[in-house]
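You will see subunit A twice below: alongside subunit B first, and alongside subunit C after that.
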Partner chain A sequence: MASAPVFGIRQIAVTAITAGLCLPLALFAIILVPIPGLPAASGFWIPAGFYFVMTLWFGVWGALGGHIATTIAMGYFFGYTLHIWMDGGLGDFIAPIVALVIFKLLRANPELKEKRDYAVWIVSVMIASLVCGLWVHTVHLLFGIITWPFWWVGVLTYFIGDTLAILIVGTPLLKTLTEYVKQSPMYIWK
Partner chain B sequence: MRRTFFLYVEENSPLYRLHPLLKILLLLFFNLEAWIIESPTVLWLSIVGVLVLFKLAKIPLARLLKFLLFAAIITQAIMFSYILGSKIPGNVVYYEFPWGTYVTDRTLLYAFSMVGRFMLMLVGSTLVLAVTRDIDIIYGIISLKIPYALAFTVSLAFRFATIFIDDYFKVRDAMILRGTALDKGGILERARKYVNLSIPLMVLAVRRMLELTYVLEAKGLNLKGKRSYFYEFKLGSLGIALALTLITIPILTLFLKMSYGLFTFPGWPFNG
Partner chain C sequence: MGLSYTAFYVLTFFALTAVTIFVDFISMRVLKKHFSEVISEKPIFLYVMVFKTLAEVALLWLIVAFIGQIWMGWIQI
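Coming up: the complex of A and B.
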């Protein structure tokens, strides 16, 4: 039987550092690449590249860090506290976990040594971004923040924006730094 | 004057001296009320009320000016979405779009309500956050009986966010000094340069993660069992009354909305 995840000092460090790193990046992304018609959204979600990689290296705590960063960045600084916690924050928690589960199930290597690893990485990112995009914009729609014709625009821009950001930022991070990160005691692929 | 997350506030400000639990409840209160209320009149009157509270709490209104850009971005997003993509029935149809949506007198009013909802969340949250310190976050979360580990993590996240902003500028300046022209080239060229910037940032993050683990272990941080705290905040009878009020009002608002149709759209004076 699988044991319940323990929240100890190492997990605090992973979560807090991921959140601290992604928080300013989330603010930059919202300010630099806003999407007309979609509040507190960005066409190039830079922090996703970081917390996806952190989740692949360190497990669910990386995703929790991404969730805290997104919630604080969009909620705390943009006034959308409750909506965004329900919406973007939870979506950004679910997405990297989806990618991690696909990676684990297909036994791919985060070092991206083979073509198969690259294929799994790209497919997992696309599926995760789509799941997250559907969740985020359906909740937005239910809250009355966006209208039905903008739902698919939101899902599509989210899917493209997140996928591109994660692949552009995350791929070189995985390729160049996994070897270095493997030495840390928090790495989950040993 | 005392430093909070956002600015310096007068030490005798009544909101600054509130118990951390009340600050968190007040933050939730503004966001819940804005979420429940739909009537534009009530929303905008509430905003005026919060602005008065700024004055009473001795918090400079200039703080809100820093949010003007964000407010403008979100306001245009809401207006754009409703004007181009909604089908809200009204008395007069101003324009019908080829894709089937239309603009009525009620469309603009509803969009105005949604902007009001956002603005109430923004000014309400800003009011509370203007008087909130990092220790308020930790003690407030602990007062809600949420585990200390989570409160500590959120506090660390705030501290590291400012450290990583400094790191970002240091790495960027180092790259510029070594001849990288971040502002030259096409979009892809610039994106590639910024991606290169992310690698040293991530190395710093992983290094800090390890250092933080060693420091916390060396200091013997214990996450289980009863803890003692450096600060002691007493809620008092007035605080308890205020906490109950902050919990009761949203419940009452929701009850009045569901049972008697109060606070619903369009509300007074736009009914009929």
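Coming up: the complex of A and C.
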């Protein structure tokens, strides 16, 4: 698991920068690739590529930044209800944590040095995206926000849209930047 | 001319942003072998470099997405 969360200026900075970076991306992901019938959904969830990488490097603080960004993006600017804010935001908090746990359990290396690391990365992203889609749309369904046919559409589009965005953006970031990030005292894989 | 002032201004801004990112990319490659010593001397450089790179990737995505919207006919400038 991730190292014990220590609260300090560095942690606040990582969370704030992740949130600040992901907020405009989340907004435009919803505007550019909306899914008709699904509130605050996007078929290409580009911010996930960033907060997944930040979570793999810095643990829960990266995920928290993603959560704050997507909660604000899904809520304030679009006028959705508190339920939709929280549900989507929590889904985006859970997803990178799921990927991080899989990475930790399988002892993969975020530097993606071996084929096994790539395999774990791809599988963890797919599982995390599926978990996120299942969480968000099952809660929506249970609260009567969406109907049953849209549950399938939602889970499938989250699975495909999140997975593609994370792999396209996250893979080169992990490959090129991890060798520098690992010098940080906040890097959780030491 | 068919290009509006808004389009000209926005595209110029995009072009200069892209060039700046490209030049920064080149300079980072040139300085790559010195990173470790700079980071050991000034640890904040690590965070600045990483967050700057992430922001540059995000900027490029926003530029591509904006041009994509024009291309698809979703918006006009």
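The working rule: the second predicted complex is superposed on the first by the 184 of 190 C-alpha atoms of A that agree within 3 Å, B and C clash if a C-alpha of one lies under 4 Å from a C-alpha of the other, contacts with A are read in each partner's own complex, and residues count from 1 in each chain.
The criterion applied here is as follows: a residue touches a chain if its C-beta (ideal position, glycine included) is under 8 Å from a C-beta of that chain, and two chains touch if they have at least 3 such contacts.
This is a predicted model, so every value here is computed, not measured.
With the C-alpha superposition on subunit A as described, subunit C and subunit B clash in the combined arrangement. Shared-chain residue A:Ile97: touches no atom of subunit B or subunit C. In the superposition on chain A, A:Ile17 makes contact with both subunit B and subunit C.
When the two complexes are overlaid, the chain among subunit B and subunit C that reaches more residues of subunit A is B. When both complexes are overlaid on chain A, the residue A:Ser184 reaches subunit B and subunit C alike. Look at A:Leu173: by the touch rule set out above, it reaches both subunit B and subunit C.
Shared-chain residue A:Gly8: touches subunit B; no touch with subunit C. Of the two partner chains, neither subunit B nor subunit C is touched by A:Ala128. Of the two partner chains, subunit B is the only one touched by A:Gly65; subunit C is not. Contacts of A:Trp148 after superposition: subunit B is touched, whereas subunit C is not reached.
When both complexes are aligned on chain A, the segment of subunit B among 81-89, 117-125 or 171-179 whose C-alpha atoms clash with subunit C is 171-179.
Common to the subunit B and subunit C contact sets on subunit A are residues 10, 13, 17, 21, 24, 50, 53, 169, 173, 176-177, 180-181, 184-185. Residue ranges on subunit A touching subunit B, taken from their complex, read 7-10, 12-21, 23-24, 30-31, 34-41, 49-50, 53, 65, 68-69, 72, 76-83, 143-150, 168-169, 172-173, 176-177, 180-181, 184-186. Only residues 35-36, 39-40, 43, 46-47, 49-51, 53-55, 57-58, 61-62, 65, 68-69 of subunit C touch subunit A when the two sit together in their complex. Contacts from subunit A toward subunit C in the complex involve residues 10, 13, 17, 21, 24-25, 28, 32, 46, 50, 53, 169, 173, 176-177, 180-181, 183-185. The residues of subunit B lying in touch with subunit A in their complex are 27-28, 31-32, 35, 67, 69-70, 73-74, 76-78, 80-82, 84-86, 99, 101, 114, 118-119, 121-126, 129, 147, 149-150, 152-154, 156-161, 163-165, 168, 191, 195-196, 198-199, 201-203, 205-206, 208-210, 212-213, 216-217, 221, 223.
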